[in-house]
Structures are given as C-alpha cells and as structure tokens.
C-alpha cells in the first residue's frame, strides 16, 4: 500500500450542518491530487479535518498507516503533513529566515541546532526565491512573497504530503506558470501534493488526479480531462452562483 | 424542619441575597468587557466611589442610602463618560496588556486619591432599619439585604430593557458586534463607547451604594469586587445581563456554602477554583450563548 | 510591538566587552559606595531581575503573568521556613525556594497556560490571591503573623546575591531568543495556530518559559525575605511586584534582553526620588505614571527614542493606531 493519506467516510457536522459528507479520499506517494469544488463545498473543512484543526465527526483517517484521529495538529505536522493557509500566516516580527527555521527545528527529525536550522532555512529560501529577503521581518513582504514564505515553511517541515490551500489565488497568468513550475519541482522528489484550487488551469495542469466536492460530498474523481467532461461537475459549477475561474485575466 | 436543613436554607437565602449585590457589581463590568473589550481593573474602585457617595450623603445630609442610589449612579455616570472618552479611549484598540495596565493604573490612582481624601478609616452606613430583619418561615431575611436584592433586580431589568428595547441599546449592541459596520451606519463610536462606560460606571456606583448598607466601606475595598465581577462574568457568560445575574447568584451561593463548610477565610480560594473550573470546562459561561453583545 | 530582531544591535564583541566592564564595575561598587547607595543599587537590581524574569513569559512569549508574585511568595516562604525551622543555611534555603517555584510553575502552568488573553491574566492573578489566602491560614507559614527570619551580619551579601540573580536573569533574556525554546515561544506569540501546524506543541514550551520566569521571582523572594527579615502574606503575595515588573518591561521595551533592566533602572530610581518626597504622593504618582506611560509610550521608551527627532510625531502616531 503506497497510499500516503487514506481517508474513509470522512464526515463533519457543525451542529446540524453537514460540512463534509462521507468523503473517501486517498493520496498515493508522490501523487498530485487536485481538490476542486464551488465555494462552500467543504474543501477548507476537509483540509482542517486532515490537519487536525477540526475533529472528525465520523470516518477514519490515516497517514502512512498511522491513524490521525485524536492527534493534535502539531503531532500530525511532525508526522510529515504540511499545509499552507489560504491567508498567509507568517510570524510577522520574526525574520523571513527565522520563519523558515521554525519548522526545521520542530519537525520529527529536527535540525541539530538553531544555527543548523538557519542554514537550512537559507537553502529553502533559495528554492522559493526569497534569499534576498532573508533578514527582513516577515511583515514587510508583499502578498505573493508571503505565499512563497508559506511554501518555504511547509517545505522546511520535510513533509511527505503538502496541502496547498489556494496558492494561486490572485496571481497573474505568468505568476501562475511560475508557481506551477515550483510545485512540480517540489513534487519531483516524491512529495505528494493536495492542491485545493479555484484556478482550474493550474489544477488541471498539475494534477495526476482530480477530486470534486460539492455540498460536502465527492461527486467526481478522475483524470483532469474526464472530470471536466463529467456532467455532474458541470452542473455543480454552472448551477451554483460561483463561476469557475480558469485563470486570472483570461 | 431540622437544624441542618434550616442552616442549609438560611445559607441559600444569604447566598442569593449577596448574589444580587454581586450581580449589580458585575453587570457594568460585563457591559464594558462585552462592548469595549476592555477588562476594567478599576471597576472595583468605581464601586468604592459609589459607596462613599452614599456614605457622605447619609452622614452629612442624612439622605437615606436607598434614596441616594440615583445620586451615586449619576455621579459615577458623570465621572465615567470623560474617563472613557478622554483617557481609556486612547488605548482602546491597543493590546489587552495595555488596557489592563491602564485600568490598573487608574485603579491605583483613584484608590490612593480616595485614601488621601478620606483616610483608611473603615466606614459604615447604619440606618434605623439596618439591623432589622423579616422572618419568612424558617429563615431570617435581613431587611437591607432584601432591599439590596430587590434593587439589584430592578437595575438589571432596567438595563436589560434599555439594551433590548431602546435605540441606544441597539446602537450599543451594533457597535459591540461590528464596530466598522456600525461606524458606516453613522453610529458615533467614541460617543457610544463613552456612554456605555458611563452606564457601566453608574451601575457600579449603585452597586457601591447597595454595598455600603451591609458591608464596610474603605478606599482599598475595590479589588475584591473587581475579582467578584470577573468571576461572575466568567460564570454567567460575557456580555449578558441575565448571565451576570445568574453568575452573581451562583457565586453568592457557592461562597456562602463554602464559608459555612470551610470557614470564611477561604472565600478567595473558592472563587478562584470555581473560576478555573469554569474556564476549563465551559469557557463561554453558563449563559454564554444568550444574547451576546459580540457576535 | 515586540521585535525579535535587534535593531541597532551592537556587534557581538564590543557588547561583550561592555558587559564585562559593567559587571566589573558592579562587583567593585560596594567597596567605594556608602551603605545607602549599596541598598539603592540592590533594590534596582531586584527589580531588574523581576522585570527581566517577567519579560520571558510576559513580553517575549506574550502571556502576561499577573500572578508572578505568587512565586516571589513561594520563594520567600520557602527560604523563611527552612531557615527558621530547619536552621538551613541561606544558600540552600534560597535554592530550595527557586526549585519549589519551578516545580509549582510546572504543575499549575499546564492548567493556566491553556488559557489566553484576559483569562490567563486573571487566572494567574487569582492563583496568587489563593496562595496569599493559604499562607494566611496555614500554621506552617505562620498564618497572618508571618515569619521572622534571622538577621544577616552585613548587608553586602544581599547586594552580591541580587547581582548574581540579575546576571542570570539578563543572560536568560539573551539566551532565550537564540534557543530552540525561544523560537517556539516566539512563534506561539506571533501565531499559535500557525506554530502548531509547523510541529510545535505549544503547551510544553509555554510551561518551560513560565517555570523559568517563576524561578527568578522565587529567587528574588528568597533574597527579599532574608533581607527584610520579616514576611507575611500581603507583603510578598503582592501584585505590586508584578505590576512594577510589567511596567518596567513595557517601559524599557518588551522582548528585548536589556529593555526590562533599563526600565527597572529608570523607574526604580524615579520611584526612590518620589518616595523620599512623600510616600503617599509616590503611590499617586506611580498610578499616574503607569497611565501616562501606557498611553504615550506603549511600545516602551525605546521605540520613542528611535523615533528620533520627532518624538511628538511618534507618540501621535501610536495614539492614532490605538484610539478610536
């Protein structure tokens, strides 16, 4: 079994509101899975369930064979599951380098010292192209740079799976291309990615497989080509108020 | 009724009576916390000032304390409005540490000015009816405490009506739940904040007046009541007048029973333990989901 | 408000030289100064320790501990009880006080540090009040009568004990931001949720720093007890210690290593001048000072000074940010 993430019957109730309804989701080692769906489909809740920020009402969830239910978010992170936030969450008054050193110090196989973590941070900053800003406090970064920082922090966790929450939002087509190239680079050594996106061009271009959520339920799953032709998916998107964005400006 | 049951019942009655006073102390504190998001460490000092207002009106002009309550309320209202508008308002959007320290500083200032003005001598208000009590079946109800409870209920009801039925109340609740939206609707935020604080100060003043009837009055009496207010709010849920009332009654009951069981010296320990338990088990308080000033 | 980055940082070597010089001067001081000034310096050192210790949890971690004096009381009483009843030597009793403070902090910390903001502040304050009430009711602590400690032969010992504690506290303040625990609590302070998804389990790190801060308050309590030879519940379980430490930290610059010490030096000196004029006025002025400081210099004097020529403009800008 090479599944890095295995979720069966994932369900989350908020009171009487069903946010996630018996969703089965599995991600293989090194795979890029896209997660799409109209607004309110339950994508963010699903991410919160996987990362332990919300508790499962029902279902089983395992990561590399380890059951995730009941684990704290930090324990799950230490297992090798990283996430980025939709709205970047930097440590504002810490330096950019310091921000990236944090996960290097607290993952399950941590850097040996603060100095080593800072050096490692420099290497990661190089990968995402933020080397020049290493000494600055994180709060002075622009929004795209903050996204890079989120990515860098997730990378420094040495994850086996990264959950990327709308990293393409608001980017120009050129920036989307650069971002896609970076994600492919990250994926190359075998890091699985779960890409939650509204920018369909990016999702379709990156993903080996796409999962579609609608009103908390999985309504389709398959290759990007098959999913875009699925009548249920088309109805879900056109039937709801949200019109899918196929790339900013296009 | 056997002796043990009678003692238990008397404790219950005593607890409820003092609880009403606690509620009046707490309700203004809850208002300021819920609307301005300020934990006013000087709240007890305002209570103290109210107690002194009634004391002096009684001692110098022989005004009955219960009749002096509106004066205490008015005086504290007049103090509270500029205090918020001019002083506290400067840091209202800063971190809670800042507002905490500021209200602490104000508490220090007010307490020491009172100390300078009136000395540390312990005062009390003794009216002709101070010692009297009514017998209701197996329990004895001291008249002043009963009057205090009735006044507390009256003030709470008045405040509740104001918050739910008047335009001012709507404005306050709107400001509490979304300051930006309220501002965009033309609500003068600074003025509303100052009014809210003034109202809260007025209730503190009235509470002080009620307290002066049954408890000693001295400049350093404030902090104990601030703690009471805090525990009551945590117990009953923040930003809710019925919550503050319920919290006050429960705290009063718990303290009475603890006092009869452990002795009077452990009241703070009891209050603190209750506080911690509630914070850990049900941080929203008992009526936390009641009408909340904040969304 | 808090910068983990030191602006205008001195290059390491000259800072080190300065530190050695300062320490040398401090060590030699009692040889040349009168008893009055030695006492004054000891008092300043004392608040330097309290402020630096408080800063660890209150400034740097972002959990303002309003009950820190609880540990001052624990240290004081432990030292007092051991010296009086077990005839222990001061050094041992002092250390025991520090250790007991740590142990207590670890125990109550795992409960209290789950709370945040206002709730944490009041809960810690409540903890101090509880200990005060316990001390007033237990026979072991002498109840309301307190404890009388034996007198020391000379005063100078206290100066050096307090200086040692200060050196330790400042060293802790310098070491923390560069350590792994320091990175954890800085991350927690900035954004606890983000810290968690990066592998930080918040509670253990907060508790560690809380215990360190408690140690310093405990040590000060022990020295205080032997110095003043009499302690009772309201004297040592006194929120004034905590508030002064907090205000000094705020004044000097929270989250910096030397800021709290600077704040302690300035405010304690001011305090002494005022007390010499009038004890009552001192209280009133302290209250007014706290209010003024908090309104006009919430990021500490350091930030104002950095504002450079336009101090008024810096103040005005801070006010604009914090008022309606």
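Here the chain labels run A, B and C in written order, and each chain numbers its own residues starting at 1.
Here is the rule we go by: a residue touches a chain if its C-beta (ideal position, glycine included) is under 8 Å from a C-beta of that chain, and two chains touch if they have at least 3 such contacts.
What you are looking at is a predicted structure, and each value in this text was computed from that prediction instead of being measured.
Using mean Cα coordinates as chain centres, the one most removed from chain A is B. With centres computed from CA atoms alone, C is the chain lying nearest the middle of all the protein shown. Mean C-alpha positions place chain A and chain C at a centre distance of 43 Å. Inter-chain spacing, taken between the CA centroids of chain A and chain B, is 49 Å. Chain B and chain C have Cα centroids lying 32 Å from one another.
Within chain A, not a single residue touches two or more of the remaining chains. Shown for chain C are the residues that touch two or more other chains, of which there are none. Residues 2-5, 178-180, 183-184, 186-187, 190-191, 193-202 of chain C touch chain A in their complex. For chain C in complex with chain B, the residues that touch the partner chain are 1, 58, 64, 66, 111-112, 114-115, 117-119, 121-123, 126-127, 129-130, 132-134, 136-137, 243, 246-247, 250, 280, 283-284, 286-291, 294-295, 298, 319, 321-324. Listed in rising order, the residues of chain A touching chain C in the complex are 51, 53, 72-75, 77-78, 82-83, 85, 89-95, 98, 101-103, 105-108, 114, 117, 137, 153, 157. Contacts from chain B toward chain C in the complex involve residues 33, 39, 87, 89-98, 100-102, 104-113, 115-116, 189-190, 193, 227, 230, 234, 265-266, 268-269, 271-273, 275-276, 279-280, 283.
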